[in-house]
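There are two complexes below, and they share chain A, which is joined by chain B in the first and by chain C in the second.
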Partner chain A sequence: MNALAPGRDTDTPGGPAGIGGSGPADRRRERGQVLAVRAAAGLGIVAAWQVCAMALAPHYIARPLGILAQVPAVLGNQSFWSAAGSTLLAVAEGLIIAVVIGTAAGLVMGRLRDVDRAMRLYVDSFYAMPLVALIPLLTVWFGYTSAARLVVVVIEAMLPVIFSVAEGGRSLPAEFTDVARAYRAPWWRVWAGIVLPASLPYLLGGIDLAIGRALVGAVVAEFIASLNGLGYYILFNVRSFAEDKAMVALVVLVMFALAVRGFVSLFVRRRLPWYRDEASR
Partner chain B sequence: MTARRPLTALRSWRPFLGYAAGLVAGVAAWQLIGLNSASFVFVPLTTTLSSLGRLISGGTMPGALASSFSVYAAGEALAIVAGAAVGLLLARRPLLRTAFEPYLTALYAIPMVALIPFLLALVGLGFWPKVIVVWLFAFFPVEFSTQRGAQSISPELLDVARSYRTSERQTWRHVVIPYTLPYLMTGVRQALARGLVGMIAAEFFLSAGGLGSLLITQSEQFDTGGMLATTLVITLAGVILMAAGRAVERRFARWRVTS
Partner chain C sequence: MTQPADAPLIRVEKVTKKYGPRTVLSGVSFDVGPHEIVSVVGPSGCGKTTLLRCVAGLTEPSGGTVSIGGQTVTKPPEGVGVVFQHFGLFPWKTVSGNVAYGLTVRGTPRAAVTARVRDLIAMVGLEGFERSYPHQLSGGMQQRAGLARALAIEPRVLVMDEPFASLDAQTRDLLQLEMLRILDQRPAATLFVTHSIDEAVLMGDRIVVLTGHPGSVHDVVDVGIPRPRGREAADSDRFRIVRDYLWTVVMKGQGNDNSPGKPSEGTAD
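Up next is the complex of A and B:
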């Protein structure tokens, strides 16, 4: 809005804008421009994909229009939702078990130096290795069953939780335990009232990592063991030359991952408003 | 005062005892559980090591390592180059960044393992499909870190360069690239770990050769000793790569500009 034109200010609700343009109307215009650029880029990508697929690739390769066409078919299919539910359940179950065991193990490792040193070799090794390499071994032990997938998810999710919580326990400021000792607090009070809440930022960082890894583990386990689930649904449909359907399932998989992480951050904002992301410092 | 010395001596041994206790407990557990299990379920450490020896001398392990390592190295090198390039590009060209960043972030959120079947259908089996998988796993952390680093260059540095009438190319060489290098190395560290996961997952599906494929073969033959040996090798590879990644990151961390 032009400050040199008096009277023009009245049609910018919320306040006038300077010559450089930083008022609310200018911000709205900028947001609109950003949206336009992004939409144009997105459209360009989708169009390029569609054209290249139609011109160069075999008919079964996924393409945007085909994917859109298959959305009602897939989302209306009962077996799809049973597969999605199967994966969702396995990941959720595995995450809960992993967080409980992992937090306990991590706290013990973080606060008891001897235990930390004894277990360090194994935690570091398992954390450094690609845990998907354990899946063939687990299928020998548990067979091609959903128990194998659950174990994979638990192990994948447990490692980052143990790692992060142990680091949190180790970084506990000595003043906290000093105060507890000055007040002669019993050991369980120290753990439940000081160590656990102080490790919460680290735990949440670990959970964020665990969600991604758990999903990867579940999908690969389903691939190898042919278990009913989103991963296997994708594999099966790709092999049946129904890639568009598989893409819809992939999108659902990604949205599921984002939803779980969104749920965790929502939980943090609602129940733990004092939490600040200090662990990322 | 001489009564104190034995106690302090013992205390300095404590860390070593801690590590040693862990190692001994693990070895003992491995051996005991192995001896008390059916051979297709679990084997003792000694049997695992002799399986490893057999795999190495028979040429299976060196062959698998060579195949895996070539796929991994190719995928990682291409991913690091591409990730650095895209990251720098998006950081320096705001229009491109505004346009494409949300789509890159969306791609980062996809669990790359789920794309493996699509790749199989598109490019088939063999060396290059596996390289593409490793690339997909490794590209995004490098791109993300590099872009974040290059974006965080404080305007004062660029202003000084401009006041000395530095050309665009010289600005890159003297300001942008040295500033971004530590961030790039953080991305490389993450990419080394993720690429390893991609390599193993790709080898499960995309043709014979490589450590992942060896694991599948061994699992089908119930060669648990061999599987444990191969898993040991993979774990060693993971530990070495993670250590290398951390070392590289630390070496360049000195260049980080802290405000």
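Up next is the complex of A and C:
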């Protein structure tokens, strides 16, 4: 879970002192070096890809220069943006619904032992199941409509959230509830003021996992139900031997995923500095 | 002297606690006066923490009663401040937020809370750290915050479960003396569980010695050292006498010593 890995990130105030020369200038230099290595590796892979494709592959196989060439055409195309909007909105909407339901369900499961015992088997099974196998069924139930896609996204995203939040609820240190009881906090304060903030890091971990699953769900639903969206755009263009265009769409999907995960990570860094340092104790 | 001038505030009467077939506490009885510090000392596993939880209302005894101010304790009563061994600070709250906790959950108005918190942070020596988070503080500082939190509600009873056990020796020594100083200024009926015999003697006006499995009161010792106490209290003859006696008793309680009256070997802790 990258977003929540206890960081050697030196952005925190009160971070490590300068033993062995790790002042701000050194850190900047280090970061510059890391970026340079990453850029070099990326360019290397891209170059190798281009060369292999040119030498060995038929003309319609995607290659970096071809993809770059198609970018203006794709990004200038109104139907591309309509497709992008359709998919990304569905994913965003589904994620929000999934987080709300998933958090509630996760908290109930995490804190109420009986519910946990009753539901654990089913949650674990659904989590382990390749949900894409359910999509043909869901498209029959909900039709070849965007409703089907939304349902898929919600189910896919909800499970890791329930799982993680339940784990958080279970791991709540008994000492916290002892403190709350000792100082006579009313029950709603325990849930809102202790259970919720203590589960927040787990929730964010769940969201991190949920994004990937949500995108997969949305794209596969589009494949199967021929819904307007990035998934369908990719499928259509690949089948029309326009792989370069399809890859542009893929890159947009990836960037969306990275943006959301980056946002989560930023949120953790800024608003939960205590979690990162707690986790590294 | 340290005789409680008023009627005892905390009364523990024949408290017994069983967890299933296991009896952890058996027939424990003692009192704590309103301005008294009573240390509870005993070997591991004799139920000291369970006893504390019964007094704080966190656990209900299987038999016997705990009463505070004449009222039986069945759930956490008003005006009891609890200090935990591992501090129990909420990591997502600042020091101020944590110290204020006891007041916020009662709905005390903001202005009053701010004033009281500022007072207490100054009293425990945490000025400048109001906006810091627990993870940025050392153990000693965290426990000061824990102490401040307990004192913020102006408790008539203070319950402390090995409050200095998680701290290094120097911090512990410092905080012991500070604790005494604070309690001189703001007395409360204090029940103090510790593993350290020295600490029990230094801090307590009286000492309840729990021994055995299940834990029962072996003895209640009057420390007899007047307050206010400073570091020199630990050098006094009386301190040594009480401490040596407790050593013998506690070691006997752990089954290490079979002949009563045999002087302890006096090995360093």
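Just so we're on the same page, the second predicted complex is superposed on the first by the 220 of 281 C-alpha atoms of A that agree within 3 Å, B and C clash if a C-alpha of one lies under 4 Å from a C-alpha of the other, contacts with A are read in each partner's own complex, and residues count from 1 in each chain.
The rule is simple: a contact is a pair of C-beta atoms (placed from the backbone, for glycine too) under 8 Å apart; a residue touches a chain by one contact, two chains touch by 3 or more.
Given the structure is predicted, the values throughout are model-derived calculations rather than measurements.
Participant: Looking at the overlay, what does A:P186 touch: chain B (first), chain C (second), both, or neither?
Facilitator: After superposing on A, A:P186 lies in contact with chain C but is clear of chain B.
Participant: According to the stated criteria, A:P197 is in contact with first (chain B), second (chain C), both, or neither; which is it?
Facilitator: second
Participant: Determine, under the contact definition given at the top, whether A:P273 touches first (chain B), second (chain C), both, or neither.
Facilitator: Touch partner of A:P273: chain C, not chain B.
Participant: Comparing chain B against chain C, which has contacts with more of the residues in chain A?
Facilitator: B
Participant: Using the touch definition from the top, say if A:E30 reaches chain B (first), chain C (second), both or neither.
Facilitator: neither
Participant: Based on the superposed arrangement, let me know which partner A:D178 touches: chain B (first), chain C (second), both, or neither?
Facilitator: In the superposition, A:D178 contacts chain C only.
Participant: Is A:R38 contacted by the first partner chain B, the second partner chain C, both or neither?
Facilitator: In the superposition, A:R38 touches chain B alone.
Participant: Examine A:L134 and indicate which partner it touches, taking first as chain B and second as chain C; both and neither are also allowed.
Facilitator: Touch status of A:L134: first partner only.
Participant: Flag every residue of chain C that touches chain A in the complex, lowest number first.
Facilitator: Touching chain A: residues 56-58, 75-76, 78, 80, 82, 84, 86, 88, 90-92, 101-102, 105-106, 133-136, 153 of chain C.
Participant: Show me the residue ranges of chain B that touch chain A in the complex, using the header's touch definition.
Facilitator: Where chain B meets chain A, its residues are 14-15, 17-19, 21-23, 25-26, 40-41, 95, 98-100, 102-103, 106, 109-111, 113-118, 120-122, 193, 196-197, 199-201, 204-205, 211-212, 215-216, 218-219, 222, 224, 227-228, 230-231, 234-235, 237-239, 241-242.
Participant: Of all residues in chain A, which touch chain B in the complex?
Facilitator: Where chain A meets chain B, its residues are 34, 37-38, 40-42, 45, 57, 60-62, 113-114, 116-122, 124-137, 139-141, 212, 215-216, 219-220, 223-224, 231, 234-235, 238-239, 241, 243, 246-247, 250, 253-254, 257-258.
Participant: Where on chain A does chain C make contact in their complex?
Facilitator: 14, 175-176, 178-186, 189, 193-194, 197-198, 200, 272-275, 277-278, 281
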